[in-house]
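Multiple structures are listed underneath, in structure tokens.
Each of the next two complexes has subunit A plus one more chain, namely subunit B in the first and subunit C in the second.
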Partner chain A sequence: MTGLPKWVDLGLLPLMNLALAFLIAGGVVAIIGESPVEALSVMLKGAFVYDGGLGYTLYYTTNFLFTGLAVSVAFHAMLFNIGGEGQAAIGGLGAILVCLALDAVMPGLIVIPLAIAAAAVFGGAWAVVPGWLQAYRGSHIVITTIMFNFIAAGVLVSLLSGPLMRAGQSSPQSRDIAEAAQLPFIHDIARALGFPATSTPLNLSFVLALIAAVGVWVLIWRTRWGYALRAVGQSEPAAQYAGIRVPRTVVAAMAISGALAGCMAVNEILGAQHKMVLNFTAGYGFTGIAVALMGRNHPVGIFLAALLFGALYQGGAELDFEFQTITREMVLLIQGLIILFSGALSLMFVPALQRVFRPGPA
Partner chain B sequence: MNPDDRAGGTPPAVRLSGISKRFGAVQANRDVDLEVARGSIHGIIGENGAGKSTLVSILYGFYEADAGRIEIDGHVVAIRSSAAAIAQGIGMVHQHFMLVPTFTVLENVMLGAEGGPLLARGAAETRAELLDLSTAYGLEVDPDAKVGDLAVGLQQRVEILKALRRGARILILDEPTGVLTPDETGRLFDILRGLRREGVTILLITHKLREIMAVTDRVSVMRQGEMVAHRETASTTPEELAELMVGRRVAAMPRRELVAALGVDAGGGGTPRARSRPQPNAGALEVRGLGWRDARGITRLSDVSLTLREGEILGLAGVAGNGQSELLDVLSGIATPQSGVIRIGERIINRDRPAGPAELRALGLAHVPEDRHRRGVVLGFTAQENAVLGYQHGPAAGDGRLLSPAALACHCAALMKRFDVRPAAPGLRMSGFSGGNQQKLVLAREIEAEPRILLVGQPTRGVDIGAIEFIHGEILKLRDQGCAILLVSVELDEILALADRVAVMNAGRIVGERRLSGIDAEDRSEIGLMMAGIARIREPAAARPAASPEAGSAEA
Partner chain C sequence: MDWAALSELWIDTLRILDGSFRLATPLILCAMAGLVSERSGVIDIGLEGKMLAAAFAAAAVASLSGSPWAGLVAALGVSAALALVHGFACITHRGEQIISGVAINILASGGTVVAGIALFRQGGQSPPLMADERFRPIALPGAEALSGIPVIGPFYAELVSGHTLPVYLALIAVPLVAWMLARTTFGLRLRATGEMPLAVDSAGVSVVLIRYRAVLIAGLLCGLAGVFLSTAHGAGFVREMSAGKGYIALAAMIFGKWRPWPVLGACLLFGFLETAAARLQGVQLPLIGEAPVELILMLPYVATVVLLAGFFGRAIPPKALGVPYRKER
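For the complex of A and B:
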């Protein structure tokens, strides 16, 4: 769309945006009296090199993949699903209900797929309501999905401080689920295969997220339904003309989007924490918007963006740990800069690049 | 208007030299020179996409030229914004009006030049100026009327008044007649002649030769971004201009095609039409008493009845916005009829038994929508994706459950070859094709479905002459194969050239229907009267046949 060569559009431009964000973040680091080079090196090593760093990075990546994919599916129908946070929370509710009800009486091979399905169905259902309201009643999806985040948070508070709270204690979390219903850790699998591995929260959900990414690609670009979805997103009048039922497509797109967001809870509840704690969604749903934006709503781009954000989370934690002066807030600042330059200002360099790469006079 | 002005040393009102402008891969203007004498009406003619609009947009400060020089009254000026253009005394009347419909005429004219934070004084001044301008130029319009309530011709006057009030001495009109009835067009030309008398320089952008011949003093012809010729209107002919526009002899073109494409009867007097085609028989699609209100409850269609017969083209004429778009929507299943019935074969469609676009396609109805960019194609999709729009569940999109890019590309390439779509690149985004090629692809897609009924709206809007010829040929071929065709067009010439019968719409009703068999000029004047609403009481001045004011001055 920018009229630039593909490698510039998809390669150079994002790299320039990223470089600018890091440059300014480096400036801030320098102002508070630390070495930007050293900080960057700690971040990179923390994310990829240090023992267990990569595992943590990929564990965060899993969350961002699910929520980023969720945003992108809705976006292809030109729907801004801001409700990933709430859909993940309700998805988690579905997963934990299945686990709490069945983990004592059924084997993991039945409980785990059921719990995953429940996460998807609950998350999807939570997104269907705003989708239906937009499609048939004209309520704006941005407003309704935001409001549904608050409702979801309220539901979780009341359940986790009430019926779902673990007996005999006062913190808002459920009881641990049985070992059989937990998704295996990657480090356990590696050890079983004879490789030494550091313990990290990375679990099989990562594989599930990769499968979801491939699935989204097939769905959007290789199915007739995905064709209809994109047609609705690009031109509603043309979609109507083509005989596509627009409202129904909108609702279905939201259902799939919500289901993907709901699956984020699989990583947290079945994979990493083995229980539901309050606020386990921790803003991943919102950051998914930035991930989708950076990844240009394409699964490959979303994977790269999710990896970047995963590395930022993990490397940022390392930064916070190693430097007294660089706090958690500082790391948030860096993330904010990246979102600003890669998302909101992502086309800032386009005019300059167009001058450089414009086709010569014929 | 007087050619001696230039010889006598008076600098031209506008002189453009060496103007070039490039958009990405498209060279919109290449080394364009233009001189417009002060106090003349100067036409710029060319096919769609010839670069006319780009050129005047540069003059009006919308775009900056990559190279070249602009002189106004002999002074070199830099025009980097429309504010700078206005300061140089340049005004523009856009093809699509830039008016606030809920404001009065006075408020619209004041807009952007209110003269201070309080409105009262500025309003009084503007009212006085408006009165002066109205009387000086014969631009009568009620200053307190709401613009949204005015007829299109009057809205255009408001635009002209707006420009004049800002001190415009050079007035650019971009395709000003596209939305006017023949009658309103005649009046616009009277106004332009009045402005010329008062010394205003007028630059008229059009693709209709009829208008150039009727009103201009000089004419410049553009083709593919270049200025190919300048002529005195009095010493040129429509044939010569047409050849210059197209870049080849058009004598070989059938006369009817030429009339339709160029809006001029290059062959001289009307000739009785000769038609050889299968006799039309039973109605393929019947509409009885159709009524439709929009979401705001405004009646858009009332009591519409018509019949489409096999092997026949029914032309639906009318000024844009009189219900033709809504009728196409209802007939194609996009909107549901609220009263009345549509019958296609055995299938009765009404309020209780609606049929969507998918079902209608299955019944053999194809639709070339009038708004290509909004409905006909998805601009962000590739050509091959657009080639199956509406048929995405069919085999052309792939045999199995999944879409097959190979099948899409193959299908699209075949269509492109058969309909000469250029560039023949199935993977290219639709927005990368010219209007004519987009339209060819839409037509190809719909004709490929071998429809029994074809609805086609504005088939040649925004389409270059070469493609017009082709598209008209394909529509006629389809008719000769027995398809029942409804042709909706605001170009009366197009309907006269193609249709076997014509129905005229006004204010959501069919106000007249007749078989086309006589002389073109007769048809034209009668249909023109219907388009304007036959029920209206007409002023004596307008009672003469609508085609004559233009034709009269062309001969002068």
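For the complex of A and C:
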């Protein structure tokens, strides 16, 4: 498309955009009066070096993998699913309902798969409605998914401060789920195998996320349906002419996208927190947009981007301890800059690069 | 029902309307902003972010300088700057308009707290503003004198008089936008740009310039909404104080089908729902039991989805909405 060599298009250009985002963020740190280099080193140490840092980084990475993959699947059909936040919330509702209903009467081996399936089904269903409305009623998916985020938040507030609220408590959260229904922590597994490990929230969901990434790759690039999906994304009329049922593909794409976003709740509820608290989605759904954009909608890229954002989140938490004047919200600023430069302005450098790499008359 | 009870009811009604109107103000300003931008063909889901950034700028500068007017100027400046970033990405570089809007929302959400902590070290808030650092209610002439007259007196004193400057500006913004769109050359060109930019271009008018101006107007209007939040309605900046109002405004804009007067109606309706929900908190209703406050607060979103689905009426966006214009060479 851009006529640039592949390594420039897939390597240099994204790195330039990323570098620009970090450069501006560094400038902000400098204006505040701290050293950008020192801030970066604190973040890197917090994310990878300090005890347990890597565990936390990978725990955040898990969330971003799910939400990033969710955005990317929809995007391959040229659908903007910015409802990841709501789909994760409703997915969490599915997971917690299964756990609350069954964790006392059934073994974990049954409850956990059921809860994961419920998260996927609930999240998927929450995305199917906007998908259906777009495919059959022509309402814009961006607007409907935004509205569905708010509706989901309202549903969660009323349930968590009502029927699902832990007995004898006034904070909006559910009761803890039984130990049998919790996904094992990686540090527990490591210790069982005889390795010393620091306690972190990293749990088996990370493996589930990696499987999901491979699954998405197979689905998009190795199946007939994935071909149909990409065809719809490239050109709807052409896809229709080729005999692809466009509306059905759109709805299915949203279902899978929502299911992936819903699975983010597995990491939070079954894996890390063992209960459902209000706002447990904490903006991870929105960050998924940045992750998908940076990762160019490819599972490998999304993994790298999710790792980057995981490190940013964990490193950002470290900023709170080391500095008085910069906090983890710095990461939100960096995230905004990354979405701006890797997303909206992703082609800003293309003309300049074309002049460098395609000399002579074009 | 006797006279005293009736008069009580009238005043109560007026207070609810007054509250609705107040809560509708940021919605009106942001929805008008979105309307102007989208009628020119540029999607703006960054209303929320611009309003939040402006709210911070207004409170921060008002607190540092002691003048709400300086805060107002800063708010308009910050919001306009963000609008120009959006324009630069969407108009100049033909980037994805939705992504740019998301970026602006996240930038504002992080940036306001970062700047707030750096400036004031109060966890991202601004210091509470003194009375003379805010826009105070304006008592319209005669409110005091007329308040004794039954029916009309309270109506004038409670509902018409006693609002802050941004509230009145929001009210003026609606006819102004309506007039601009329908009656001026610029408005005609702006609408044409949103429907068929090629036609505007062939008439020798710059699509890019029209869209930049539309985006800038949107920025200024969002700026006013921010001023309302932190220096008129509230007394200082609190993190995330826009609390989704920019998105409700977006819903109102669609609900009003991208037309100024219906959009005003939608904003007032949504403001009324918010007031009603606040009033009904914990109230026992006959038959239903405890008032379903959460459900009432969800209504704007649900109604917008239903409208967009075309189950009643049809909301048809401008034809060229979201499509970057590429000038042929």
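Everything that follows uses one rule, which is that the second predicted complex is superposed on the first by the 356 of 362 C-alpha atoms of A that agree within 3 Å, B and C clash if a C-alpha of one lies under 4 Å from a C-alpha of the other, contacts with A are read in each partner's own complex, and residues count from 1 in each chain.
Keep in mind that, in the parts below, a contact is a pair of C-beta atoms (placed from the backbone, for glycine too) under 8 Å apart; a residue touches a chain by one contact, two chains touch by 3 or more.
All values reported here derive from a predicted model rather than from experimental measurement.
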{"item": "Contacts of A:Gly154 with subunit B and subunit C, given as first, second, both or neither", "value": "second"}
{"item": "More subunit A residues in contact - subunit B or subunit C", "value": "C"}
{"item": "Subunit B versus subunit C as contact partner of A:Arg224, first or second or both or neither", "value": "first"}
{"item": "Complex contacts: residues of subunit C adjacent to subunit A", "value": "43, 45, 85, 88-90, 93-100, 102-111, 113-114, 117-118, 121, 124, 244, 247, 250-251, 254, 292, 294-295, 297-298, 301-302, 304-305, 308-310, 317"}
{"item": "Residue ranges of subunit A in contact with subunit C within the complex", "value": "28, 32-33, 80, 82, 133, 137-140, 142-144, 146-148, 150-151, 154-155, 157-158, 286, 289-290, 293, 324-327, 329-337, 339-340, 343-348"}
{"item": "In the complex, subunit B residues that touch subunit A", "value": "22, 24-25, 27, 332-334, 356-359, 361, 367, 369, 371, 374-381, 385, 389-390, 392-393, 397, 401-403"}
{"item": "In the complex with subunit B, residue positions of subunit A that touch it", "value": "3, 218, 221-224, 226-228, 230-231, 234-235, 237-243, 245, 358-359, 361-362"}
